[in-house]
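Lettered A, B, C and D in written order, each chain numbered from 1.
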Amino acid sequence: MKVSIIGATGYGGLELLRLLHQHPHVEIASLHSFSAQTEDISRFYPHLHTVYHQALAEIDAVKIAEESEAVFLATPSGVAKDAAQPFIDAGMKVIDLSGDFRLSKEGYEKWYNKDAAPDAYLEQAEYGLAEWRTGTDATFISNPGCYATATLLGLAPLVMQYLVVEDSIIVDAKSGISGAGKTPSENTHFPETNENMTLYRMNKHQHIPEIMRQLQVWNENIDAITFSTSLIPVTRGIFATIYAKAKAGTTTEELLALYRESYDGKPFVRIQAQDVYPTLKQVTASNFCDIGLCYNERTNMITIVVVIDNLVKGAAGQAIQNLNLMAGFDETAGLDFIPVYP
Amino acid sequence: MKVSIIGATGYGGLELLRLLHQHPHVEIASLHSFSAQTEDISRFYPHLHTVYHQALAEIDAVKIAEESEAVFLATPSGVAKDAAQPFIDAGMKVIDLSGDFRLSKEGYEKWYNKDAAPDAYLEQAEYGLAEWRTGTDATFISNPGCYATATLLGLAPLVMQYLVVEDSIIVDAKSGISGAGKTPSENTHFPETNENMTLYRMNKHQHIPEIMRQLQVWNENIDAITFSTSLIPVTRGIFATIYAKAKAGTTTEELLALYRESYDGKPFVRIQAQDVYPTLKQVTASNFCDIGLCYNERTNMITIVVVIDNLVKGAAGQAIQNLNLMAGFDETAGLDFIPVYP
Amino acid sequence: MKVSIIGATGYGGLELLRLLHQHPHVEIASLHSFSAQTEDISRFYPHLHTVYHQALAEIDAVKIAEESEAVFLATPSGVAKDAAQPFIDAGMKVIDLSGDFRLSKEGYEKWYNKDAAPDAYLEQAEYGLAEWRTGTDATFISNPGCYATATLLGLAPLVMQYLVVEDSIIVDAKSGISGAGKTPSENTHFPETNENMTLYRMNKHQHIPEIMRQLQVWNENIDAITFSTSLIPVTRGIFATIYAKAKAGTTTEELLALYRESYDGKPFVRIQAQDVYPTLKQVTASNFCDIGLCYNERTNMITIVVVIDNLVKGAAGQAIQNLNLMAGFDETAGLDFIPVYP
Amino acid sequence: MKVSIIGATGYGGLELLRLLHQHPHVEIASLHSFSAQTEDISRFYPHLHTVYHQALAEIDAVKIAEESEAVFLATPSGVAKDAAQPFIDAGMKVIDLSGDFRLSKEGYEKWYNKDAAPDAYLEQAEYGLAEWRTGTDATFISNPGCYATATLLGLAPLVMQYLVVEDSIIVDAKSGISGAGKTPSENTHFPETNENMTLYRMNKHQHIPEIMRQLQVWNENIDAITFSTSLIPVTRGIFATIYAKAKAGTTTEELLALYRESYDGKPFVRIQAQDVYPTLKQVTASNFCDIGLCYNERTNMITIVVVIDNLVKGAAGQAIQNLNLMAGFDETAGLDFIPVYP
């Protein structure tokens, strides 16, 4: 299958390139960027020299639709809502990695403070939380955000089973700095970031509404969650510690059994053994989402630890997983390598 | 005032040395270590060369009591419970930085899995959470643990005023690697620690019982908390994100006002402005405890962010603050410098 | 081709596993360790769960020789000199990643302070600096050290052409901490290593004699070099800055042309454009050796910057490259992926 | 003595503030910035809250000259050449931390690509390499650059004694990222900087001419040096490894004796014991310059390792040391604390 990547010069686009390049059923037909044109992609990323060369091509929707069967948009928020339309209209497989199609019109305009895509397009988009998609016939996927992926995968079994007190859910999520993208800012300036940890956008992160929207699909009683986002001095990763109060007494064993069953047959979610919590580094550069948990009988509180790589399972990897599902490829195609460690 | 430091070769002892060296009213009479003898302290820490030289001296309690008025014990757990006794008996000012005198006999034996100090000594020890000590006539201080300091300072105003649902308290605490001390282990091995984050001892950290003990002094209705401890790849610091459900509706403004009032006249606790959260690095190498908070009216949840330097406010700095209070020095003596940044 | 890995639980062994797992012509028949037995390899490395499972097997040379065509030894120095013998005797393809077969008997005993392997075995070993091997019929390869690989690839064109003053060569080499292996020590303790840089074994590193031996093969006039080794706070990588005085005036253009020609047809050595120096990160997790250089006409000094990943081109990657050459596979087989970045 | 700081919001200015605040003979009269006005300095640096408050004041040279006896300029290059003039004219003690007064008119215009200060001012400036100043009656000091300080202190004894081959000097200098200042850029972007090392401006760094100028004062035969500058992922520090060929045979002992003698009575230069090299971290946050060295009899090469903190000995600390010398204070006044470690 031939595919095109729009937004190839950002970290998300680069990760698509890395993973698709070794995908057994995919050929990268063209790379595109709104911020650069005609230069070879290796100009931006010297590590690609001799491994992968391709000049950025003009974003000509007609031509892209002729040459490729699928298109990935890895553009900053506010770009795909317009740029994706011709590809959707052309009936291509479209996977948008930005937030542009994750919310309702009102939700988007409130949380992103920008005009939303037309309703007709918003409605066509299927939210691509790969493990919990209900069908595989969608051709237009809105790929979840990194925080949302970790949070939803961590909460799904509990929420679907109505096991936790609805207003008790707290997500304490920490992100590596690559989540801020490729553009330097004060928040990514090494002397300020190194040896530091900061909390930002408390209860205000734009991934909250997409989380809420999905939680409410699963459990209509959930009105709100508490959601904190912090930056830790690592390049990659989301480490989410999630707390929720059990409605009834339970045990760690029971909960682990539930999670194992819930994710049975889901190759990228690995439930840890009892008393074992995943480390961030054990999923770096992979599409895995590793989950450990415990129940505290004294407080009736469940703690769930979820780790993903924000650029893989939280972006490019899940996008490819979604392509695999759409295209009828093996779900793990292109994603079944041993990741780099340490 | 002449003082002695026992356990001078560890990170806590070194931090005592750094801070006491510039204390206007203190002279360091002697340094001691259970793991080394007679060598100059600069052998262990080359940065001290020409700045500070002193040979480690034998731990002769009689001699120490003759020469010094106060003694700091910065030894691993299980050492001070015996080593501190002659200094207490001699009526010296004694400040123990370990966990040996923070719990009841049963508590210590359960959580530390070692024999406890005799009750007579345990009873003499005052828990030295400096901002909340109720008197200044104690001569034997059990200095709080780093996690406990951050947690208790962050919770005190809410708990004392009975403002939060008793079983809703969650502490998500992250620590820098120096908290593990000076001895190398797999958990401190750079290739494993760098670019990583790990959660350990979920609901099992030995600082939990000392936190509970103090919380119950303030509010007898609190039975248990949820407490997670993680390691982040920084050298110094505790970053605690604390969540608790408000009993009644409130506002961020009201809560900030309460915290400002509660810590009025407490020079080392700095309450942030609304919508501002402290960064870990803004307290590095200082005795400050910076606190930011917010109230989420949709979930009724209060989030409190507390940052301290684990080796200063979480150990040596607070110990000196306690000495200042005991000795009638200005509370900030020796601790009022501008810390290094960035 | 079936292969076995001895020393699979170390970082070098793990990197062999990562790379061989995706090698198109290789199947991993068995994993072995001298420090552990029968446990599944994923016990040591949780990131392997569900991706790769194999129990460590007994080191039974007869059985290994029956099942595998090639064996990699990624053991600490002093182990392979004995352990490799039965595999060599059995006529297997043997690649030793340690220093045990890189030196003469006297050299080894002087620099490693251990008994050397018998001369008969030392003589059979071909030094596997892959780009400069003179044949491909060897079946027993002594894989170069990480510092040696970077240094020799950086110096080869100059030295072979007798272009530099023989006693002017200086290598200022910096290594990531994974070079110290998996065992924690004071030198790898995060609080000591982070935010630090240290120089160690000045002119005393055990890679010096293997470098000298090869340099003298190329140029009998070189008697000695100046060689410094430092640790920088990164997990992976060797960054070698090499200085040598030109015998006659030259230009940067001429030198770059020489290097391009020397490495023409060598897929893993990438010569940078003029005025461009490689960054360490651009080779992380890849088998590349990137080289930039310049000539200073005022001092007649040539500066060469060489970067490799110590665990790949400096160990496991080059070992696989050597296997590819031995086995008649494409030289880049299993090594031609896009590496992870950033 | 009352002093003013111009450029107080940058990292150099902040470090002046930290150190001068605890200086026993200095009072900070006013802070100024060209990029901000009237805001309190703690707005830029939250760690200063409650420790130090002062509103930035207008840069009114007359007023500053009335209120202060000395002025520090910690401004980007190109600012002080104009801004310093009224203070010099007013006869104040002036210390410029930028490169504006370190070179001749031609040198400055060539290397900084900007108009130079008028000759009359350039001539008044004394180059303030504190350990090697020849008098103490200057009132206008041009404070050396960080790379220059490390290099010159490391080379002085050898060069002054004509012990090394003049065209053999090589400086391999590595810097922490704070050397790039407070403004974010691609080179300081955490995901690019972390786990990376880069070489930049090979033989082109603007500190080269100031190094050459001073070397030639000491030894008229030195025409040029080889000088490489690299960035390592630490916040603070210069780690310079210097190589030079000895004219005649010598020994490490002899050289160490020479260095000890040369720096006898210089409190901030610490010569290490034989076979010991300083680590970067042992000088972090201090004004020390630690030096280790060795002689290689096989290559006749001397290797010198020099470490400083770029913001202290390489900027603010040396500036204060220069003030101390000018003002007749003890040379270590304000600089004799135990620095933070680890």
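The definition used in the following text is that contacts are C-beta pairs under 8 Å (C-beta built on N, C-alpha and C of every residue); 3 or more make two chains touch, one makes a residue touch a chain.
Note that the coordinates shown come from a computational prediction; the quantities given were computed from them, not determined experimentally.
Trainee: Please name the chain that ends up farthest from subunit D once chain centres are defined by their CA atoms averaged.
Mentor: Of all chains, A has its centre farthest from that of subunit D.
Trainee: So which has more C-beta pairs touching, A-C or A-B?
Mentor: The comparison resolves to A-B.
Trainee: Determine the centre-to-centre distance between subunit B and subunit C, using the mean Cα coordinates as centres, and give it in whole Å.
Mentor: 46
Trainee: Report the inter-centroid distance (CA atoms only) between subunit A and subunit C in whole Å.
Mentor: One centre to the other, that is 37 Å.
Trainee: For subunit A versus subunit B, what separation do you get between their C-alpha means, in angstrom?
Mentor: 39
Trainee: Give the residues of subunit C that touch two or more other chains, as numbers and ranges in rising order.
Mentor: In subunit C, 11, 178, 191, 194-195, 233-236, 279, 281, 284, 342 touch at least two other chains.
Trainee: Looking at the complex, which residues from subunit D come into contact with subunit A?
Mentor: Its residues touching subunit A are 11, 176-178, 182, 184-186, 188-191, 193-195, 233-235.
Trainee: Residues of subunit C touching subunit A in their complex?
Mentor: 11, 14, 17-18, 21-22, 45-52, 178, 194-195, 235-236, 267, 270, 278-279, 281-286, 288, 290, 336-342
Trainee: Name, in rising order, each residue of subunit D that touches subunit C in their complex.
Mentor: 167-168, 170, 172, 174, 191-192, 195-200, 202-203, 223-226, 228, 230, 232-237, 239, 241, 243, 245, 277, 279-281, 284, 292, 294, 296, 298-301, 303, 305, 307, 342
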